[in-house]
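Dropping the structures in below, format is structure tokens.
First chain A sits with chain B, and in the next complex the same chain sits with chain C.
This part shows the complex of A and B:
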């Protein structure tokens, strides 16, 4: 569940260009994460070394996960402050591969904003970066508002529960309307760091992704591993909170909302440069995100 | 921070209040639910055993305990009244409960949870917190559930209407017993016959069932005898 912080550098490299390759890579990430979690659970000091049938093992794992989640919550803001990109360089001062790659980012990017690694990092990063972009591009904010208005009926048509879907939708509409009036980056920061509000926005994006995947199920079914249907995939990997976003999620979200995203992949992959990928392909990105295995942060380009 | 939006404050209690309004307007069949007046994060529910199930006539009291992060994390689900289906006062492991936070969907509501609980109760599939009993045991527990719940103070306070319905049912049951006892004293042979069997007295359904079974056996035997006679006669005709 908190794979953001656990998936280490053993994740496969991302030097692929087709969607299918991305998916293969991500399935490994998921698998690795699960193994890692089990491994961690075994090492837990609260867990006896021998199997004890009287103790509910699930409970122990759950308690540990909760503890990790609490620690992350206490130590990391959902959307962090605007940091200089050199802070990233410092982070990897002892790591020649990473620091070499970060250096190649410096000519293009100037700042980084870190997000909370709770499995919602991509979505929170997307929401913040996009709303911030909208503050400076009012016509885009108007377009987005119109899209949001229409999206509710689409979700109802796809069979999402009316009462709760409406609740998440209304919250998003209120945030957008509020930004139309007194929009400022500070305001966006406050909204995105307010627990209730931020989580509501995240859920609504999850519903939009799920709806887009299910509407185009025939196409997306080719990219889903493990013999699951698109609907099952959505129930297990998209709609629940704290589930990490993979390439399918990003493909679906950027296509549904019509917003271009560039992801820079910082990992141990071959080559000195940082691989990048634009979603949807051939789009002009308005949001730049930094991917490190299992986690997304927001990047600011110099232009 | 003045981020709080007009009608959506984005907290668990705001959402639970909305869930409550919703459930009052659009009730879940067979289920009544009420939050504690002192704590909206703890809800109590009563499932009325649906017709044609082993729970028919029973009242099953339980509770939902919501986390502060609701609806982003699921509640714990407990059953308090013995049902023969679930352990009592134990967190139940359902896809809609906090045993499975990774399959919980924030778009689900209290209504979804209660509907899911009811359908799981009517199934037989095992899970953590479930127990296995025969239908007969379940029917006995459904009879006993009435007086069991009346002893629970939270139950009687939160569900006065159901409490009254139960009291009426129990009074009726008592009256029937008294009448039967009276008839017995008067030496009514048919009543005496019915009350000789203890289990029949406790469970009129079971008595009906066994009478029906007896009848079926007699009819079945008659049909069998008739068939044998028919075959024998046909055979002898052919031979002749």
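This part shows the complex of A and C:
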């Protein structure tokens, strides 16, 4: 759930996925992990070496997940402050591959804003960067507001529950209307860092993605792994909070909202250049994001 | 609330109880006609945490009659992914009730989960503390 990790860090924070992988495809009808912990104990070095039947392993795993989430919450703002890009260079001073690649970003980009790695980082980064852009481009804000207004009916048509969907929609409209007035970047920062508001925006973006994927299910079905339908994919990977955004999510969101995003991929791929990709293809990006395996931050290009 | 105005067939909210404590609801539910549970009456208890809707409600069957179903334990705990891992803040109480009714309706043989006695003995009172695995979409 919290697999957002720092680039270069290959140690899983906990063993959730390994346990899961182990059971996938198993046809047994055991519904929970308590018993399997026992079998797995010797295989994984991260588990306690001796199995104690008096300890409820489920609760231990849950508690650990919660603790990790709390730590992330305490240590990082949902949307961080505007930092110089050189801070990224410093972060990788001992890593020739990454520091080399960061150097190639320096001529184009000047600043970075870090986001909280809680699985919502893409969406939170996207909406912050976009609303910030809208502060300086009022006509775009007006266009977005119009789109948002119409999107509610579209979601109803796709079968999203009226009562809850409306709630998330109304909050989004409120934020946009507020920004229309005396909107400032500070205001966007405050809104995106306010748990109550920020999470509502994230939920609504998830619904927009889900709706777009399902509306174009025939096309997107070719890209979905694991023999799932587009609807199942949306229920499992898009609509729940904290699920990371992948290529498909980004394709769908940028197409649905009509906002160009450029993602710079900072990874261990060959060469010194940082690969980039524009969503939707051939669009003019108004938002720039920095991708490191499992995480997205916001980039600012030099004016 | 939409659940009061347009509930799925066979579902009613215990309004008096919901009024005494807003964070705890009891929903009366009736097995759909033409299914193994036709005419049976059940009660579902919903508990909402302060983090709702970002955190899923705790939902269990309560009362005398717990449905006999391969994904429902005799203590009322339900193995249903939208109640934990696949919870989405946009899901309503109504949507949960519908999922549970549809889970009951598609059941072909009334039986308890095979690990019922072990689970009921070792689990926490709160099903959300159980780390569920979901892998059977047929029932």
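In this section, the second predicted complex is superposed on the first by the 254 of 303 C-alpha atoms of A that agree within 3 Å, B and C clash if a C-alpha of one lies under 4 Å from a C-alpha of the other, contacts with A are read in each partner's own complex, and residues count from 1 in each chain.
Simple rule for what comes next: a residue touches a chain if its C-beta (ideal position, glycine included) is under 8 Å from a C-beta of that chain, and two chains touch if they have at least 3 such contacts.
A quick note: this is a predicted structure, and the numbers were derived from the prediction, not measured.
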Chain B versus chain C as contact partner of A:239, first or second or both or neither
both
First, second, both or neither for A:161, with chain B first and chain C second:
both
Touching partner for A:184 - first (chain B), second (chain C), both, neither
neither
Which of chain B and chain C A:197 touches, first, second, both or neither
first
Figure out whether A:207 sits in contact with chain B (first) or chain C (second), or with both, or with neither.
both
Which partner chains sit in contact with A:175 here, chain B, chain C, both or neither? Use first/second/both/neither.
first
Output check: A:61 vs chain B and chain C. Expected answer is one of first, second, both, neither. What do you get?
second
Overlap of the chain B and chain C footprints on chain A, residue-wise?
56, 58, 62, 160-161, 163-165, 168, 199, 203, 206-207, 235-236, 239-241
Chain B partner contacts - residues on chain A that touch it in the complex
1, 56, 58, 62, 160-161, 163-165, 167-168, 170-171, 174-175, 178, 190-191, 194-197, 199-200, 203, 206-207, 235-236, 239-243
Of chain A, residues touching chain C in the complex
20, 23-24, 26-27, 29-35, 56, 58-59, 61-62, 160-165, 168, 199, 203, 206-207, 235-236, 239-241
Under the definition above, what is the set of chain B residues touching chain A in their complex?
1-11, 14-15, 18, 22, 71-73, 93, 98-99, 101-109, 112, 128
What residues of chain C sit close enough to touch chain A in their complex?
1-2, 53-54, 70-71, 79, 81-82, 85-92, 94-95, 113-115, 118-119, 122-124, 129-136
